[in-house]
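This is the structure I want to talk about, given as structure tokens.
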Amino acid sequence: MTGPAIFLLLAGLGAIAWVSARARALRLQTVARTSGRRDAVHSLPGYHGWYVALWTLIPAAIFLAIWANVSPGLITQTVLSDPAAQSLPADAFSRSAILGEARNIASGAQAAAFNPAARALVEPYRTAMNEYGIAGAALALVLAFAGGAYAFTRVRPDFRARTRVERLVMASLLIASLLAIVTTLGIVVSLLWESIRFFSMVNPVDFLFGTKWSPQSAAMGYGNKDAFGAVPLFWGTIFIGAIIAMVVAIPLGLMSAIYLTQYARPQVRKWMKPILEVLAGVPTVVYGYFAALTIAPALRDFAVSVGIHGASSESALAAGLVMGVMIIPFVSSMADDSIAAVPQSMRDGSLAMGATTSETIRKVLIPAALPGVVGGVLLAVSRAIGETMIVVMAAGLAANLTLNPFSSVTTVTTQIVQLLTGDQEFDSAKTLAAFALGLVLFIVTLLLNIVALRVVKKYREAYE
Amino acid sequence: MSATRNPTDWKSDVMQKRIARRYAAERRFKLMGLFAVMLSAAFLAFLLFTMLGNGLRGFTRTEIALQVDFPASPLLLDPANITDQGLVGANLPMVTSEVAKKALGPDADALLSPTAWTSIRDAIKADPKILSRTETISVPASTVIDLAAKGKGSPQAEAAVARLKQQGVLSTGFNASFLTGSDGTDPTQVGIWGAFKGSLLTMLVTLLLSFPVGVATALYLEEYARKSWWTDIIEVSINNLAAVPSIIFGLLGLSIFLNFMHLPRSAALVGGMTLALMTMPVIVIAGRNAIKSVPPSIRDAALGIGASPVQVVFQHVLPLALPGILTGTIIGMARALGETAPLLMIGMRAFIATPPGGITDPATVLPVQIFLWSDEVSKGFVEKTSAAIIVLLVFLLAMNGLAIYLRNKFEKRW
Amino acid sequence: MMHEPQTLTPATETKMTARDVKVFYGDKQAIKGVSIDVDMDNVTAFIGPSGCGKSTFLRTLNRMNDTVASARVEGAITLDGEDIYAPSMDVVQLRARVGMVFQKPNPFPKSIYENIAYGPRIHGLAAGKADLDVIVEKSLRRAGLWDEVKDRLHDSGTALSGGQQQRLCIGRAIAVEPEVILMDEPCSALDPIATAKIEELIHELRGRYAIVIVTHNMQQAARVSQRTAFFHLGELVEYGVTSDIFTNPRQERTKDYITGRYG
Amino acid sequence: GCGDQSGGGAGGTRDQIRAVGSSTVYPFATAVAELFVQGNPGMKSPIIESTGTGGGMKLFCAGVGAQYPDIADASRRMKKAEFEMCQQNGVKDIVEIQIGVDGLAFAESSKGPGFKLTPKIVYEALAANPYGKGPNKAQSWKDVDPSLPAIPISVFGPPSTSGTRDSLAELILEKGCQSDEAMKALKEKNEDEYKATCTRIREDGKYVDSGENDNLIVQKLGANPNALGIFGFSFLEENKDTLKDVPINGVEATYETVSTGQYPGARPLYIYVKKAHMQAVPGLQAYLNAFAANWAPDGPLTKRGMVAAPDDVRKASAEAVKSLTVLDGSVLK
Amino acid sequence: MMHEPQTLTPATETKMTARDVKVFYGDKQAIKGVSIDVDMDNVTAFIGPSGCGKSTFLRTLNRMNDTVASARVEGAITLDGEDIYAPSMDVVQLRARVGMVFQKPNPFPKSIYENIAYGPRIHGLAAGKADLDVIVEKSLRRAGLWDEVKDRLHDSGTALSGGQQQRLCIGRAIAVEPEVILMDEPCSALDPIATAKIEELIHELRGRYAIVIVTHNMQQAARVSQRTAFFHLGELVEYGVTSDIFTNPRQERTKDYITGRYG
């Protein structure tokens, strides 16, 4: 029996269970109600319907899920005992490839065989699958009936069906919320696992403090020593994300926030705020393209025309500038929030002293809002150093330790993309290095965020 | 009560000068703010105009009218029996080239797009009767000519354009195939439908996974979870996930979904799953805020009347929080729609010239398509890349606009 | 106002009893051993200075305190002799039987009709649409709101005036046919005219439901209740016939309070 | 599933050809893919992913079955280690097809000084450790060879992970290196050290590694008239307007010199196909045929910058496409 | 409290005058034609029920209403005979001359020293550090805070108690040598002891500055002021000598208000 058929059958059974249980509950309850006692009736009939339907469906579904995992093994065992399987090669990998193919053909997932040896096994597979399929379906139906019948007998006017059904709803909410933990664990495990393998090849000290990054030379077989010094990447990341981008974003973001909150007329503010927020909504690939195609060449031409040495068409400056623009809304909305959180009485107090608006802002509002602004900037930095596409498209690949903003630098994220989408070797340190870099990035952004949120929270509390 | 006062002489020169200085500083500061706003807005405008300037041309294409004398051409076709296979064997590319040479001169091959013959094929398919007469068919011009006609060509190409114009065969039309086609190797023939469909499928997976899970998590944390180390861990995880750089999700997708679970490479399924993990915390956080803003008095009212906690949440809290949750979801989905880096990690960067049929087919998405085209050698891809960017931006702006609209419309003060 | 201190009806039926009830919020004890009987035919008022535990105690009577994570209740409370904190007691049914009206009117942001119909729906009290219509009309009539809203049953409940909203909330509580109605300062957000209407309503509901009302306003307590309980610092200082409490308090603390020495 | 020897994984069928590998071959593979679709209406277009030659090999050799690619594109020959990996994973029968030739072009801006180079000069200018005699100290081209102008050495080239970089090492650097007898001797004695000495490129900024995207190198050259660029021949062809060729050993990289192998930087381009997939993936044979039909001189691929292989090679390759000759691992290095 | 209703000093100098002042918030008129004189030697109190416009009117006196976008002022207000709404009037200097103390103490989140020094610094009143030190000490002394804080001038101003904070705010206002000090319910957030200290301070400041104080507390008005203005619904109902207003109001409305009939 095929999957969809069983599925439909079960769905049908569930529907029948729902309708009949509901009807029964309704009938019994109408009788009970006339008896007078208020707690003679507990749940609405619909809940009884759900209760029975769930009892019909869930055990059968769980069984089918298990069966789907167990039965292929059993099927393969059966097939292996078939005479046609005697000629299979001994080596496990090709054996499993052939078996897998035969199974796919038998199940109709594949049209023709990649491997001639699989053809002979298709028939045995088909029979075995049929047998197990029917067995599985039968068992599932039996379970569905059993579950449904058990639940049906429990339908009584005062049976607390609602409580049971709700317990299931709560359980599924809980399970959903666990996914966040599972994802975090998934990230940590996948990064750690590959990083540990990397660090078994490369000394972590060399990685974290080495100043020479040339994974290519490692890939070419010159050894891992001196190839994985990530300091130039860290520097490039900081140079672009934490220095150049912030030099652009902090003044522009802060001043925009100040202007829009303190000076602009409400109408202007109402329009300009969402417009500036668009800057954060533009996809980074668009920024990257813009930086690479428009900004970078212009900057290089400029640098050449004023005679700056080492100007590259992929400059730290181009990537940093564009990233800075992208970050403006982050800084400005955090600054906006922080300034708004400073009580109005501070502003009034200062104005009433005869301070001008700008004096009030500079001497009272900003100092008071500073922790919030700093928190916002930290968040923006964490966002900037994790940004990928802009730097991939506009920052270049040269691992330079330079202070010249017109020269090319590379970043952690660029290298991750490069290491994983370029040439890959078999489990070479080079591929694994991407995960080690990812781990560093993960830890750093996490710490930045934790610190930033702490700062912001503490500061909010100060005014509450 | 005695009054020994020494009031400040505000009228003195010193004071007047000082006040003038202070007002000047005030004006400067205000101007700086205005300048910051203007600069940011100007940058946005510059970006948009650059994209529009480059990209709008991508929606048009230059066509050359070719007069094809079908009876006289060496076509191996039976007008009564036009089949796909028959058209393939009909030697159309050669015929096209010859017809063009006759009409436009010996360098005709350089004037026409390499896929020009497909226009003739489509014309025949549409109306086999033309095989018995001479027909003027517009075929796409080559990239070089296309660019020159749009004013961006080399001197030779401009000369050729001038010549074609004189012959009166050159025209510019809306490039419908850009909206219906898929990736290709020649800029005159590429389209975004393939990538667009890939984006739709990916977003569908993302939405179906992240929305229910995100809402369920938000409900659990906000309504049911009692404060404990356990909920603290969930909460910390979610806040952290919201801050993790997107490329890390790509690494996760690569090592868990591809290398460990062996799901199909390049598929919308895996892309959607990866982006769902990224979007889920956004939805959770927006959802929690929306749920939080439902006043407790509503919960009390329902509980007080004998509603169970599940009924309270699903019949009262959730409907009231829904606009807020939807706003957050749209914003999260918009972010996912523009995301590129994690998808590069899981192989959604292949050359795929057929739109995906389902979520397990190899696919690419709009931003990745933009990334791929931006790397192309041919200059004709510049305008196509920008055109694709326009399409993407239109979508994102529409989504953001919808979110803002929803927020304004349902913003309730309790 | 229009009602003079009420005469006590000789208690026929004790509806709820509390015995040595203690309530803790975390480590802090908010109620320190309160015993009280609520009877069916008289309105009981809880008075006392702010923070003395009136609301807390009121909320133990329909287990609304369950929703406060830190709250813990000790002692025994019964409804018709049944322990309402017993594991076998279904809290959802309990709350249907012991309805509650809150300080701030809190209609659902749905239509007036839906506000009233909600309770009967979730408790399955109406057999069909027609039945429900009847319940809605009856409840609104009892809540004294029918004439004012009968033409706009499908307008939002939140669009009513504060006093109308509070009557809607009372109607909503009535619609599930409760046995007891708890009111926590139901008039403190209302103007004098709306307050008078609610007090009128309480009079009319008396006898049909056991009513407990918390109030800050001693005049109100005197006007609407037949029994008054005076709380102070989590203790029940005095409980008795309203007219006695106000004219002839037995405890010094009560006297000081009603004469305005503190509070 | 536990105990299921048929292997887990989302097997499933595939009606699209899947190719991975070299970025150099990528434009040709996609062009053929297009021609293939045009010639076979109703067929879905092949999926081609540019992962670099080595990355492609890794994916290709991971196994037989629908979830693994059918074709690996390569801008160098398969390595022995890769072949063995394939064998180990059950990818037994591999068909090797040379589709054409690519030149490793040396170019400068059309405004450049007009370099004339030899493998020896290139080696001495770029090696990290020329002839094992300590770090490379050459700052300008004149330091390397007095005949050259006194301009600083600045070379943009591919990352060493790309097949293009492999070709640079093998075709130019090793040849230059072997001009020294001691190095030849070293090759016999200590292969590893020989390799390190002869193919390792300096990392002091003179050689700028520019990623898989050869297009960028082209742009950079336009901006830096004194720099030298190294990339695939097709890119030189595409950019004749801004770039000019730098002859090696006096031979210019032209279509003829590359295709005859006279140009020192010529290298073959391959595709590798799993024989086991031929039956299972619809259109695979037709796709290979499309390659064969279009790789002739004046064919569509040469228009895109590929250099056609010499006649005899093309004949042999056409034969390989037809009879699917299986690659013999022992000929690989 | 320690002060009995104050005796009026015969007015020597009229500091501020208001003539037919009207204030609108958007379309809503909050002040409906108020005329008043504030003199130098007496403390003027504004009383009236909540929302009657006391704060609004007070804020027109130093143009703090300018900061409310919707507010519009009509009529004439003068300071030493100069129209403060004239274009030639510099609002920054005006506010330095007419200082203000708010209901909730609002010290800047800076050190005590910096709080006081803020005004002199922005107005350039101190020639140097030493000069500033003198101003700070003098202002803190006048605000009656010096002894309490002299050892911790560099602690944060927000770390002081509420009453100290309010005195700090008064000191801050004094530091720029204002001519008028406006106080908007300066004690309503304070406990009785802190309130007494502030009232004491007002006494001491009287004569040196023209003082206007808004208060809810009629006893306070009686204690600290020599003149009282009674506002109702945006109108100035009665303005006169404090003792007269409290013992012998001329208007019915005033009488009803001070005897507690409404408010």
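Read from first to last, the chains carry the letters A, B, C, D and E; within each, the first residue is number 1.
By our rule, contacts are C-beta pairs under 8 Å (C-beta built on N, C-alpha and C of every residue); 3 or more make two chains touch, one makes a residue touch a chain.
Quick caveat: nothing in here was measured; it's all calculated off a predicted structure.
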item: Neighbouring chains shared between chain A and chain B, ordered by label; value: C, D, E
item: Least step count from chain A to chain C, where 1 means the two chains touch; value: 1
item: Touching both chain A and chain E (chains); value: B
item: Centrality ranking, top chain (CA atoms only); value: A
item: Farthest chain (mean CA position) relative to chain A; value: E
item: Of B-E and B-C, whichever chain pair has more C-beta contact pairs; value: B-C
item: Intercentroid distance (Cα basis), chain E paired with chain D, Å; value: 85
item: Geometric centre distance via CA averages, chain D-chain B, whole Å; value: 34
item: Inter-centroid spacing, chain D versus chain A (mean Cα positions, whole Å); value: 36
item: Touching two or more other chains - residues of chain A; value: 162-163, 356, 359, 421
item: Residues of chain B engaged with two or more neighbouring chains; value: 22-23, 308, 349
item: For chain C, residues that touch 2 or more chains besides their own; value: 92-93, 97, 122-123
item: Touching pairs - complete list by chain label; value: A-B, A-C, A-D, A-E, B-C, B-D, B-E
item: Chain E-touching residues of chain A, taken from the complex the two chains share; value: 266, 343, 345-356, 359, 363-364, 367-368, 462
item: Residues of chain A touching chain D in the complex; value: 69-73, 75-77, 80, 91-97, 99-104, 109-116, 212, 214, 216-217, 219-222, 297, 300, 304, 312-314, 396-398, 400, 408, 418, 421-426, 430
item: Chain D residues within the chain B interface of the complex; value: 8-10, 12, 16, 18, 26-27, 29-31, 33-34, 37-42, 44-50, 59, 67, 213, 215, 235, 238, 241, 300, 303-304
item: Residues on chain B engaged by chain E in the complex (per definition of touch); value: 1-8, 10, 14-15, 18-19, 22-23
item: Chain C-facing residues of chain B, complex; value: 226-227, 295, 297-308, 311, 315-316, 320, 412
